[in-house]
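This report refers to the structure that appears directly beneath it.
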Amino acid sequence: MMEIVGNIIIGIGLVFMAFGVLGLYKFKDFYLRLLVLAKIDTVGAITFMVGIIIRHGFSFFSLKVFLIMVLFLILNPLTAHIIARTAYLSIEGITQDQDDGRGGR
Amino acid sequence: MNYEIVEIFAIALFFISLFGLITSKGVIKGIVSMIIMEIAVVMFFLSLGFQTGILPPIGAELGDNVADPLPQALMITAIIIGVAVTAINMTMLIALSRQFKTTEWDILKKKNME
Amino acid sequence: MLANFVITPILIAVFLYVFASAKAAKIVAIIAQTAFTGLAVYLFFQVKQYGAIITSIGNYESVMGIILRADTLSTVFVALTAISFLMAALYSYNENEGKLFWFLLFVWQSLLIGIFLTRDLFNVFVLVEVAAVVVSVLIMYNRDNRSMYDGMFYLMTGIIAMQFYLFGLGYIYRLTGVLDMEVAAEILSGLDRSSLVLPYALIITGVGLKCAILPLFTWLPKAHGSPSAPTVVSALLSGVHIKSGIYLFMRVQPIFQELDASGFFLVIGTITGIAGFALAICQTDIKLLLAYSTVSQIGLIITSLSIGNEYTTTGAMYHAFNHSLFKAALFMGAGILSKVYGTRNITDIRGVFRRFPFLGCVIFLAILGITGAPLFNGSISKYFIMYGTTWYITWLLIFINLGTIIVFTKFSTMLFGRFEQKEVVVSANAKRKGETDFHHRDKTAKLRNYAESIPVNKQVAIAILGLVCFLGGIFGSEFITFLFNVEVSVDAAGYLEKTMIFAVSVVAGILIYRYVVRDNAFLKRFRAIDFGFRGTCAAMGGFFAAVLIVLGFVMN
Amino acid sequence: MIYVLLIFWITSAILAIQARKLIRIIVYLAIFSTISAVCFFMFGAPDVAMAEVAVSSFSTVFMIVCFEKYFTLVTDVSPDAPKDLKFRYKLSKILPPVVFTLILAGLFIYFIPEGTVNTYLKDLYLERFRFDVGGENAVTSIYLGFRVYDTLFEALMLLISVVGVAHMSCRSEHEISGENFSGVTKSDSVDVYTIRIICPAMLIFGMYLVLNGHVSAGGGFQGGIAIASFFICRYLIYNVYDVRYGKIMSFEKMTFAAIALLASLFIFLGFYVQFPQIRTAYLISMNMLIAMKVSFGFIIIFYRYIAFERR
Amino acid sequence: MQVPVFWILLAFMFLYLIRAIQGPTIWDRLLAMSLISVKVIVLIIAIASFYNRGYLLDYALLYSLFGFISVIFIAFFILDRTRGKK
């Protein structure tokens, strides 16, 4: 019973992520694409982990997954925030990859 | 066929990085290719005796399908050596660009001859 | 017990770096090196008396642990390393190199000893990698303009070559399931010949770069002849460090006994010898000339190792031993000269005999040694190298020796003549660098002071090396019997014949130098021949392919 | 499934090698090392995967700090090739090396020796490691027990690279003090608060990896790097460089000496036979010493780069 | 249940990789990189759950802790490079 519920929740998480992929290709603006990382993927991954926890019941394994979930909940928005802020600060840089032409040598 | 398919990938990457070294215009590409080459060799070592669903050699009771622990111990050594070399290469890159104002092999060669 | 030989220098180095002051470090270093040399010689006598010592670290059964082995060959090299480092410590005693220099020197010594003692293939990889980093830091020790590029080139090519080696090691592990040299050799000897080609080609590409055979030697003149590297480092690089490559070459061959690659390396070694002296003739920088001459001597050693005769193998080992002695002496002498005269250009240095008779004599002894003059150690080793070879190989070897004579004729022009102080040149140099007049005067004053008295420790170090060259010639066959446990005797008639050939080739060499080489504009064009980094990488690939094709298709 | 991952892996490597711009190279290299770590994981080597992840993130940081300086220094650049080059010209440039490497790879694959993997040592190790060294993790017991001699030189390698970095970076040690450098804070308050919450977790997790190295995946190196990353967070939060380099370097060397002494006492002199009851203690203390050594080394390299190589 | 999950995650990774290749700006590549690392964490949790080995999760923990450091530094680096062009 628990296993079926867990599987369903994992499936929901995957569906969220699939929406994220759709968004990654559908949105034309970078900040909209960033939404994928900031919101959709976070929610998707956390739903996935909740599904795993439900599948495994109350055990040491679930505790570790819970720990990862907490870390993830803090760190993924942080990453998204940093990317968004640095991208915003360098408006010129957003249009195309700029470099001095010395890279790659 | 006397080889594993997994092994072919490592070999391919080894030669791709050799290609990168041969065509590298400057020091940076050389360093990047070197990093990739090291990882290719690591991958080759780990692919020795690979089967699908292989498990690490950790735990109280080991199953039948257990990975070989020796290449793993060796490769940890190789990886740490790789990062030490990368760190020292980076310092040399800075020192080199401070001295010569360039990091391209051709210009370096010319300036070194003077 | 053997592990202590490797661990102790590192521990001493750490102790010196952390606790001792720079002055105390020198004294402790000299004492420790002396003690260590005594221990190494003691180990040599032990091995000679009771046979090879083989210890597994941690006494694990079978080949689970790392196995160290001290047999005659490795203990000879260990003793050589200890003696060379003692001389190096003596030489650099009065220089203000700082604690870090001594630290790196000790670590380098322990790594070399580790390479000579270990029997484990992966351990060799680790040691060689660490040694490459240590050497590149030492090359760049003065953080000068040119040595940066040289050190980086050395490090990167060395690391890439060792990746080839590691790949080959993976195949050996796959075939045999062990990493120990001798057990692997046993298992591999029962296998099909065609399955050995690939691991051999990969490993020999790595080892070949370390011992600088023909397409892969471009790093050597850069590393060994780097102008601003400390003199001791150049001397030790050409003296001992390159021997670790030769040693690995000697150790790798028996693993692949089925795969007899000696014919291939005979050709490669000969070409290396010829190319080495041909490039050395073109140089005018003292250090670069000596570095290219090292390439030529390496070619000689590889050739004689590949002939496969017992006498030639012994001769090659003895020549490797001798080469480290006289090359160290020559590099140290060149270091003193370039410091005294303020230039590294051979054409500007004249009249060493007149100004410093003692130094000139020692350098002359070393030159006689390397050219194989009678009564010197080079002659004994070259005598054995040519012993019992077919006529064309003999003549090729004589040709290589002729080249060496030409090179060192050029080198010995420094010793004669009269030196005129070219004040103008020095000041022009100084002005270009933007130094003030005051500094310049100070510098020349220092130069003169230095010129009047070469420090005693340097004289002692270089004199001992020169003396050993001479003694190694007089007691040559006894030395060989003593060092390598091979009973040989010098045939008087044959030796006389070789003496005649030497005399003829000296005359020929001097004449060729006088009328062909000197002031030849054509040769100057070859001075700057250089593959560059990309070229070296491509050469590595090409060498690898050549070994595969030759061993797999041609010599099948 | 593993093959698909390997194809991704090769693709990202090709991307990193062919990229022309430095920023792209760094991003592709990060993707590459991510995927390669997953591949190591799939090959049943979580220890190696952990080491790879930790090491690759550190080497990315090193590279970035150095490249910032690199751009300010390099002025002498060969002119870019014009963009409207003919395809044939480009092909003639790129074709010879491609053909060369293809021939090499073909020869290589032709000569691959036959036969399956010889499992002589593997069986021996898996059978004996609990009895001979102790611990539950075969990898740890190999690199701390059977092949501790290698590990010693690996630690020495890090030490040498620290010494080299310290020697080659431009300024001498006497010039170090916090005020000399005007670091530019790029992190804002959101970053700082979040990282403050996270960084104790890093320290605790590093300790966990070190202390559990002998029974589960992880060990001295991985844990040491995790502990070192705590100090990177410290830099990101406070933006200070006031690290006592000289002291840490002496500490690092003394830790190395302690590792060497402990290993030679326990393994080389054969104490592990006489006192089997302290084997676990040996493994834990060895892991802790290695972690200390590694974290000291990485802290020095990182701060050295930040303080000296930057602007 | 588990095996399809692996395939779906791999497909996501493939699509992200394409975004990393074609992404018009460098920020898209960085975004794709962090998305890939999220997928890697999820993949590893799935594998650990499949084999039911708790110690495999340590890797995911380490990865989630380390992933952001490199992202932070790369982002600041790109910011520096692009800001300098003004």
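As written, the chains take the letters A, B, C, D and E, and residue 1 is the first residue of each chain.
Here is the rule we use: a residue touches a chain if its C-beta (ideal position, glycine included) is under 8 Å from a C-beta of that chain, and two chains touch if they have at least 3 such contacts.
Treat the numbers as computed from the prediction; the structure is a model and nothing was measured.
Shared contact partners of chain C and chain D, listed by label, are B.
Both chain C and chain E are touched by B, D. Counting C-beta pairs in contact, the chain pair with the largest number is B-D.
Across the assembly, the mean Cα position most removed from that of chain C is the one of A.
Put simply, the chain nearest the middle, going by average C-alpha positions, is B.
A straight line joining the Cα centres of chain B and chain C is 29 Å long.
The distance from the centre of chain D to the centre of chain E, each centre being the mean of the chain's C-alpha atoms, comes to 19 Å.
Inter-chain spacing, taken between the CA centroids of chain A and chain E, is 9 Å. One inter-chain figure worth recording: chain A and chain C are separated by 57 Å, centre to centre, where each centre is the mean of the chain's CA atoms. The residues of chain A that reach two or more other chains are 71, 75, 78, 82, 86, 97, 99-100, 103-105, listed in rising order. Residue numbers of chain B whose C-beta contacts span two or more other chains: 18, 22-23, 25, 27-29, 48, 55-56, 58-59, 70, 74, 77, 81, 84-85, 88, 92-93, 95, 100, 103-104, 106. The residues of chain D that reach two or more other chains are 22-25, 46, 67, 71, 74, 77, 97, 100-101, 104, 108, 112-115, 117, 119, 121-122, 125, 147, 150, 154, 157, 160-161, 164, 168, 186, 191, 198, 201, 216-217, listed in rising order.
Listing the residues of chain B that touch chain D in their complex gives 2-3, 5-9, 11-13, 15-20, 22-23, 25, 28-29, 32-33, 35-36, 39, 42-43, 46-50, 52, 54-60, 62, 66-70, 72-77, 79-88, 90-95, 97-98, 100-104, 106-107. Against chain D, in their complex, chain A makes its touches with residues 71, 74-75, 78, 81-82, 85-86, 97, 99-105. Residues of chain E that touch chain D in their complex: 6-7, 10, 13-14, 17, 20-21, 26, 29-30, 32-33, 36-37, 40, 43-44, 47, 54-56, 58-59, 61-63, 65-67, 69-70, 72-74, 76-81, 84.
Contacts from chain E toward chain B in the complex involve residues 51, 53, 55-56.
The residues of chain D lying in touch with chain C in their complex are 97, 100-101, 103-104, 107-108, 110-115, 117-122, 124-125, 128, 132, 145-150, 152-154, 156-157, 160-161, 163-164, 167-168, 250, 253-254, 256-257, 260-261, 264, 267-268, 270, 272-273.
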